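Each chain gets a letter, A, B, C and D, in the order it is written, and its residues are counted from 1.
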Amino acid sequence: MNHTDDNYIFELPMKVRDYEVDAEGIVNNANYLHYLEVTRHEFCEWAGLSFARMHADGIYPVLSRVEIDYKHPLGLGQSMVSKLKLTRKGPLFVFIQDIFTPEGLPVVRARVEVACLENGRLTRGEVLARAFSRFLQ
Amino acid sequence: MNHTDDNYIFELPMKVRDYEVDAEGIVNNANYLHYLEVTRHEFCEWAGLSFARMHADGIYPVLSRVEIDYKHPLGLGQSMVSKLKLTRKGPLFVFIQDIFTPEGLPVVRARVEVACLENGRLTRGEVLARAFSRFLQ
Amino acid sequence: MNHTDDNYIFELPMKVRDYEVDAEGIVNNANYLHYLEVTRHEFCEWAGLSFARMHADGIYPVLSRVEIDYKHPLGLGQSMVSKLKLTRKGPLFVFIQDIFTPEGLPVVRARVEVACLENGRLTRGEVLARAFSRFLQ
Amino acid sequence: MNHTDDNYIFELPMKVRDYEVDAEGIVNNANYLHYLEVTRHEFCEWAGLSFARMHADGIYPVLSRVEIDYKHPLGLGQSMVSKLKLTRKGPLFVFIQDIFTPEGLPVVRARVEVACLENGRLTRGEVLARAFSRFLQ
């Protein structure tokens, strides 16, 4: 696979922390969801999306569904690049999130659906859509 | 939904730990994967499956894919029941794992595919299949 | 050591979760602080102390200092008993928290100082002192 | 306090990850031990100390004791600088580890004692002492 063909809109270099690795010497499966979350939040910050302001407005993005394929496990001290693109499916925002080794080997491939709550009710996501407009594919 | 109709083969009562809850007052998304993993391992232990013996034989079950739908968030101090059933898809073992509130409200619904490596190579899973034979649906 | 001589006021049986174990096959050092926190919170709940009511009253207990000696590491699937007693040092509440194997071998010994904030300011801890009065040594 | 006077030998900039923050909006106490561990490991890597080679030689550094004072809590999205110096106390290596806000406000102050096991027995730590010789104070 030539992943450089894929039009990711954000990349974050990361490195495995020792405590994320389990007794079999590989990163525990749940920690990849942490990596994906960190990547989304760094993307949002980079994109100028203010969670503080959204919360002040009563708007909360929440995870609705995650699909994740584990391709190649990472071990102690390994580096990775976490990449992201963004699409929309009705009221949901869909993050396509792939993590690779520095050499480009796929580590995980994930699809993360995010819904937007406004004062506790599901919205059509207009606030996020405006904030993300230049990134949506 | 009447989840008592579903033929789960194993149930584990659990309780949210405070450090699993994030700044929005709900359990962080990755921690549900921890709950699911704990449930699978308690099930395996209960079913008499010895990881120690499997490892001595060079056999390692590894996660291949997870699909998880977030239905209803848990907060501080809340209890849950984590339920599981097991099917097979070719060489893969598929755990259907659902977590409910004590009242039966769905918290997450997940599908977890596990592959079996023997000395680093994907196997047809015969060892696990024998161990799980009376539980497979 | 005969730990049954020690006058602990609360005991919680716990079990290592696989993801808490690191690549060296032992529980990661930070997870013992999680065990200690879970024990304190279960103690408070058992003692009838309501965090919800305290927070409604603007009262927040916060960790001030932890001293922890690592005596004997726990590994995959091991059980433990987490024990606690409580003293007071001026405005601080001091939890003496020891974790043992089921056979009574010390795992960690810890001393945890908790201060009490009321509307952001350090208090003399009168609210907690009343709640804990029958347990203080 | 003018911490620039202190002769730290290693500094690591870090940033709070959202999942490390609890329901009260501050970093959970156990996560600071993770920050300290990451800092020690990055220091060792930077200092050219190979854990892989040590393990091949049957040498394992293990935590013996941690003392940590919580000075000022970090919240969502905050940055920090984690600083370290190293002394020796008999067979033990003592890491003095302090974390500061970017403005220099103390977040935590910690003292971490590490022992060195060789084939399961406590050693006088000569291997680590040689590796650390130019950093020991």
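Rule of thumb we're sticking to: a residue touches a chain if its C-beta (ideal position, glycine included) is under 8 Å from a C-beta of that chain, and two chains touch if they have at least 3 such contacts.
Remember, it's a predicted structure, so these values are computed and weren't measured experimentally.
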Of all the other chains, whose mean CA position lies farthest from subunit C? A
Determine which of the two chain pairs, C-D or B-C, is joined by the larger number of C-beta pairs in contact. C-D
Suppose each chain is reduced to the average of its Cα coordinates; what separation in Å results between subunit C and subunit D? 23
Taking each chain's centre as the mean of its CA atoms, how far is subunit B from subunit C in angstrom? 29
Got the subunit D residues that touch at least 2 other chains? 18-19, 28, 30, 34, 37, 76
State the interface residues of subunit C toward subunit D in the complex, per the touch definition above. 24, 28-31, 33-34, 37, 60, 62-70, 73
Seen from subunit C, its contact residues with subunit A in the complex are 18-19, 21-23, 25, 28, 30, 75-76
What does subunit B use to touch subunit C in their complex? 17-19, 34, 37-38, 41, 45, 51, 76-77
